[in-house]
Amino acid sequence: MADVVPGADLTPTRPRGVATRATRAIGALAAVLFAWVLVGGLWFTPAEKQQGESVRIMYVHVPSAWVAYLAFVVTAVASACYLLGRRRSLGFDRVAGASAEVGVLFMALALVTGSLWGHPTWGTFWVWDPRLTTTAFLFVTYVGYLAVRGTGATPEQRARRSAVLALLAVLEIPLVHFSVVLWRSLHQQASVLSPDGDVKMDGSMLTTLFVGVVAFTSLFAWLVVHRQRVQAMGDALAIRELDDAIAVRGVAG
Amino acid sequence: MTEPLATARTIAAKDLAVERRSRVVANQVLPFAGLVMVMFAFALDDDAIASRVAGGLVWLAALLALLVTVQRSFAVDAADGALEAIRAAGADMRGVFLGKVAALAVQLLVLEAVLVAAAIVLYRVSVRDPLLLVAVLVAATAGLAAVGCIYGGVVAGAGGRETLLPLLLMPVAAPVLIGATRATESAFASGGATPAEGWPWVGLLAAFAAVFLVAGAMSFAALVEE
Amino acid sequence: MSDVRAEAIELRDAVVLYGAHPALTGASVRIGRGEIVLVEGANGSGKSTLLRACAGLKPLVRGEGRVLGFDLRHERAEVRRRTALLAHRDGLWADLTALENVQVWARLAGAAPDEAAAALGRMGIAGPLASRRVGSMSAGQKRRCALACVVVRRAEVWLLDEPHSALDAQGRDDLDALLVAARAAGATVVVASHDTERVAAFADRRIVLSGGRVA
């Protein structure tokens, strides 16, 4: 037998996941509700008089847009909690980052479904509606936020810098929105028909839309909880790697 | 609390002295901005359209020049570790921010004056309301310089990843592009815009500048620290 | 003034990163006021990071540290105002003259304007040389300018990283005299240097670093 390599621990370990009973419940709820939206949205709701079948995109589009803005708010609140908290808890930073990552995904989904719906409805993929424009800017701002998150040397530096960036975005987005509103109104162009306001909805459509919002929100919560737990494991791993690096340097001198 | 202001004056004077000696903005950024104005004329290929959108072209060229000037402003300090030395000296970071904003604003104002002159010559517009134009230039420049230094600081703190700057800076600067363009069109009276329509935009630009001057002064230290 | 009873520098089990690499791996250091201390060690032993941590530039990820009684985690602004760091890089603006460079640091430190010329003169840069662009100077002249920037800060603790590098024989002698004079004026001087024999000749004691901690 060769010498046992020091430090090689042979105790079997079971693979650890990041799921708990609570997240499994949220995940199962999301799965059931998504099935409901799928069946309800495609078969049990009627087509709309003016828009025809394309109105069904609404069941995906409106909940994605809702989750995108919810993610923005969660990131902003978590960032403020990080900066204001006495202990500067990294947990808030991980929630902020996870919410931003998931938010970017849903913002992209909202933008894509929105223009897919806009093409048959308005005859164009894009209009300079303040809501659309602001969402597009929110998307780009978040992409930049995530790019900066990847640059910090230590978790503390990453947390501090990205928390400040998230709060700067809170200042930026209303200013973008307001300037686009002012721009369109001064040009006296009628605002486009709002994406959901003009739809005549019967009971089954409203119910399906509502279920869609709950489904997407639970998916959001499920993703954010898992993502921030993975990040916590990554941060814990970084601490262990630091321990190892210190130990190795101590031996090497 | 005179310390932040004294620091701001020192930093602004230093940045302007560096530019006075090196003339990088004057000899490189200014010709670049002028070239952009010529290129717009090639791309549009129509005198009527060019004069109609002259205001927008001035501010697009100013935004491009802003990116280069911000990079230069922080590269000067990063070259020999001076930004780190400023941190190590315990300088008031609010003052450092305001000083860099002031120096950047002075350079931008000169650039923009030349861009407006280029628009008058190349795109055949005329200034109908000089007071409005001056107000737009001052308010928009203050806002651009403020957000430029904030995100220049982010990039400097992230170890000089300069490719990040346009991605971060352009979305924030969008309200300035919209507001300054409309107000400048009013001052040019191009496309049927009247000077009276321009003043609400000056208000928006001034509010933008105030918000980001305060936010930048408060957050600059956190952005450039390790 | 800071608490006069506190040690100049006191680190306990300090871990400080350089990027993701632990450059200090649990360093414990005590340096009294008014000492000249030589820090020596091989390349990569953590000398530069030790000085940067004491200057309040690099955060402590573990351990405790106080400089002049101020906590290195929570009172970094106080630490920075009372220390002066000469880093590897000179921290000069190449387009400005020597005098203009030193004047920036004089103003930031709240010193009188004529102190800048005096500090430069002390480092042997006077007359027409002082109004030359730093970018056109030799490496040794730049190092003298950088040292003048340290002098003009009138710091209580001087942290010098390889101050002798690039200096000629005359410059080295001037520097040694300067450090001894600073000690006599009450300053604490920490010098990281490869030129150990030269510094040991006037240092009060030495600290040897190895693997990021005190050997």
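Lettered A, B and C in written order, each chain numbered from 1.
As a convention for this text, a residue touches a chain if its C-beta (ideal position, glycine included) is under 8 Å from a C-beta of that chain, and two chains touch if they have at least 3 such contacts.
Since this is a predicted model, take the numbers as computed values, not measurements.
Asks: Of the chains shown, whose Cα centre falls closest to the middle of all protein Cα atoms?
Replies: B
Asks: Can you check which chain pair, A-C or A-B, has more C-beta pairs in contact?
Replies: Between A-B and A-C, contacts are more numerous in A-B.
Asks: Compared with subunit A, which chain's mean CA position is the farthest off?
Replies: C
Asks: Starting from the mean Cα coordinates of subunit B and subunit C, work out the distance between those two points in Å.
Replies: 37
Asks: Indicate the whole-number Å distance between the mean C-alpha point of subunit A and the mean C-alpha point of subunit C.
Replies: 47
Asks: Please compute the C-alpha centroid of subunit A, do the same for subunit B, then give the distance between them in whole Å.
Replies: One centre to the other, that is 32 Å.
Asks: Can you tell me which residues of subunit B touch two or more of the remaining chains?
Replies: Residue numbers touching two or more other chains: 226.
Asks: If you look at subunit C, which of its residues touch at least two other chains?
Replies: 59
Asks: Subunit A: which residues touch two or more other chains?
Replies: Residue numbers touching two or more other chains: 153.
Asks: Can you check the complex and tell me which residues of subunit C touch subunit B?
Replies: My answer: residues 55-59, 77-81, 83-85, 87-96, 100, 104-105, 107-110, 133, 149, 153.
Asks: Taking the complex as given, what residues does subunit A use to touch subunit C?
Replies: Interface residues on subunit A, with respect to subunit C: 153-154, 156, 238, 242, 245-246, 249-250, 252-253.
Asks: In their shared complex, at which residues does subunit B touch subunit A?
Replies: 150, 154, 157-159, 161, 164, 167-168, 170-172, 174-175, 178-179, 182, 197, 200-201, 204, 207-208, 211-212, 215, 219, 222-223, 225-226
Asks: Which residues, counting only subunit A, touch subunit B once they are in their complex?
Replies: 137, 140-141, 143-144, 147-148, 151-153, 157, 160-161, 164-165, 167-168, 171-172, 175-176, 178-180, 182-183, 186
Asks: Quick one: which bits of subunit C touch subunit A in the complex? Just the residue numbers, please.
Replies: Touching subunit A from subunit C are residues 15, 17, 19-22, 25-26, 59, 61, 210-213, 215.
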